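Structures are listed in the sections that come next.
Each of the two complexes below includes chain A, the first together with chain B, the second together with chain C.
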Partner chain A sequence: MRNWIELLSTLTLKDIGLEIRTKEVFTTIILFSILVVSTFAITSNNTLQIPENVGAGIIWASVIFSGSIAMIKFFASEIENETLDAMLLMPVPRELIFFSKLFSFFIFLSISEMVIFATFSIFYNVNVFSTDVLLTAVIFNFGFSSIGTFFGTIVAKAKSKETLLALLIVPILIPLAMFAVEITSANLAGEQSENIKTWIGLAISFDIIFVVLLTFLFGKIVEE
Partner chain B sequence: MIRQLYIVVSAIVFLVSLWMIFLWVPTEINQGVVQRILYVHVPFAWVSMVAIVAVAVYSVLFLATKNPKWDNFAQSFAEVGVVAAIVMLVSGIVWARPVWGVFWTGEAKLTTALILFFIYCAYLMFRSYFPAGATRNRIAAIIAVIGAIDSPIIYYAAQIWQQNHPRAVVGPLSTQESNLNPEMMITLLMCVLSVTLVFAGTVWIQIQSNKYHGAANA
Partner chain C sequence: MLLEVSNIKKSFQDNLVLENLSLSLDLEESICITGSNGSGKSTLLKICSGLLHPDQGAVNVLEKSFLSQSQGLEIRRRIGVLLHSNMLYPTYTVRQNLYLFAKILGIIEYKPRVGEIVERLGLDDSMDKEVQKLSNGNKRKVGLCKSLLNDPDLLIIDEPESNLDAESLKTIAGILTDRATSGKGNLFTSHSVEFSALCSTKSFKISSGSLVLL
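On to the complex of A and B.
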């Protein structure tokens, strides 16, 4: 068990170290999201009054699309240098490789989201940061990272990766996106969602189902 | 011989259902002529749902047995099912506007149908973008299984979403229950039968086509 934790942290730290050097994932998520948020702000005539659900939709749509583009970058170097294949040859359980990728991307996405929330708060003069939204972000990011890692591995060797990855992960993520938009829009309106407990229950169940399922299936997609 | 008989029976049933829709069935009193879209929308919704279940079942069978026949079945059902889903979505949108006053609402069934349509588009796109072979077929089957597992969660999420966002039913029928009279029910069943026959025939042709296409590529 201790060996597993050590291995997991080694693999995760390897990805973090690589990202600190290249900064590809951070740059992609942050720049793309800021571009989306600011484009909405500019094209809506810099009006500060936007409906809460539209505002929440802008935030989470930019996170989903920038995250899916960043996921391609995340796997690009592994494929170019054939290090993913090398990792799969290592005498470690494949589940550990999946979890290390999941945790690394979770960390990158969470840090980038703080910048996106801050940008949105500046452009629309609202405070996105609250306990509910931060909890939502944690649950959302965990689900997104697990689904993204799984499908990122799948499309790594396919043609038109960007389109295919977005097409694969966005429909599956819809329940989590609904949850995130619901909690965030209620927060932007200065309230708390009526069904907050049901939503959190649903989102956590979603995360558990998909992490268990994808961990099991990860071995099958990389077996060759 | 059986194939010719099948085509003749399907054609007759199809023509009879067209006659029933346009000439025989009475016009619904509240919605008017537009209600006749029901006879297209419901049968196509039925076959697209059958297709989605079939894709999931055959994908599980393929993963369990590794028999390429099941993968071919899943692919063929997905290809025809996606076309049926497009007819279902478009006919639903056209019907909703005069009846509900909007083209689209956040209703749970609509959201689930749309998302499932996207999932199976992704399934088919993956098949064409990934290099052909055993790995592609295995991963495609996994995508279909994930889509099937996700669908009840999408439906449940859309239902909770709907509680907070009541659907925008502003048309004259917003509060009225609609019941089908016997003639309408017979017409609907006839249409379901004719679309199911055409669907099954198309899936069969697609299975044969994919079988030879697969054999040619092997």
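On to the complex of A and C.
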């Protein structure tokens, strides 16, 4: 068990080390999201009058699309240099490869979201940072990272991978997106969602089901 | 027996690459596979290293099968593989790459082991250079270092001679010969008759998907 934890931390730190050198994932998520948030802000007559659910939608739509593009970049270099194959040739359980990718992307996404939340807060003059929204972000990012890791691996060798990945993951992410928008829009209105416990319960169940299922399937798809 | 391949068949869509191919590699053997481009040499090595599965037939490495996950992990702990690509992280230095793979392989005293291999292949001066800044020949040597880290019982190499100068080739031939004489096994492909003669105990040619002893 201890060896597995050491191995998982070695693999995760490897991805973080590579990202610190290239900054491809951070740059993609942050720049794309800031562009979307600022475009909406600039084209709105009065950013203070934007309905809360629209504001929450802007935040999470920019996270989903920028995250999808970043996920492609995250896997593209692995495929280009055949380093994913290098890992498959090593004595590493496939589940650990999946979890290391999941954790690495979770960290990249979470850090990038802090910048997106801050940008939104500045442009729209509201405070996005609250315990509810931060908890929502953690649950959303975990689900997004697991689904993105799985489908990112599948489409990494395809020609139209950006389009394909978005087409595959966006429909699956709809329940998580609905949860994130619900909690965030209530927060933007200065309230707490009435059904917050139900939403959190559903979102955590969604994460658990997908992580268990995709961990099992990941081993199968990378075998050949 | 280090490797036993029995009647394997492999095709990609309609293209039949390997058919009824059998091969066995024992201790102290060094087998060279030759053949024209596209004859299936690399596919055979990928199957022997567990990266591809055959459509039919069985592959046993160190008397274990890749089909079982626990046995697959045990095999991977004891083999070294260098395929056509060097499979290195280009933005990491040579040292970072080799230390990373050594840690993943579970080598406790990995620094002296890396130092020993790097010295033998003459890469001491390049240890702190990023892999992407190395020549193709040196990248190949780093790839070879990586495959030798765990002193594997079976070493599988796809065209070890590619991008290497004559002196480096002699060094690698020496490594392969030393391994065979110390009870290990090597399976490699090559287009070079001279290199094959230097370090193989048997040579086969892939023809129409099957092996022919040379």
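In this section, the second predicted complex is superposed on the first by the 223 of 224 C-alpha atoms of A that agree within 3 Å, B and C clash if a C-alpha of one lies under 4 Å from a C-alpha of the other, contacts with A are read in each partner's own complex, and residues count from 1 in each chain.
Following the convention adopted for this analysis, a contact is a pair of C-beta atoms (placed from the backbone, for glycine too) under 8 Å apart; a residue touches a chain by one contact, two chains touch by 3 or more.
These numbers come from a predicted model, not from an experiment.
By the document's definition of touching, neither partner reaches A:Phe40: not chain B, not chain C. Note on chain A: of its two partners chain C and chain B, the one contacting more of its residues is B.
Of the two partner chains, chain C is the only one touched by A:Leu89; chain B is not. In the superposition on chain A, A:Glu194 makes contact with chain B only, not with chain C. Applying the stated contact rule after C-alpha superposition, one finds that A:Phe120 touches neither chain B nor chain C. Applying the stated contact rule after C-alpha superposition, one finds that A:Phe108 touches neither chain B nor chain C.
Contact with chain B, but none with chain C, is seen for A:Lys159 once the two complexes are overlaid on the shared chain. Across the superposed pair, chain B and chain C both touch chain A at residues 224. The touching residues of chain B, when paired with chain A in their complex, are 63, 111, 115-116, 118-119, 121-122, 125-126, 129-131, 135, 138-139, 142-143, 146-147, 149-150, 153-154, 156-158, 160-161, 163-164. Chain contact summary for the complex, chain A toward chain C: residues 3, 7, 10-11, 14, 17-18, 21-22, 81-83, 85-94, 219, 223-224. Partner chain A is touched in their complex by these residues of chain C: 49-53, 69, 73-74, 76-77, 81, 83, 85, 87-92, 96, 100-101, 103-106, 146. The part of chain A that touches chain B in the complex is made up of residues 154-155, 157-160, 163-164, 167-168, 170-172, 174-175, 178-179, 182, 193-195, 198-199, 202, 205-206, 209, 213-214, 217, 220-221, 224.
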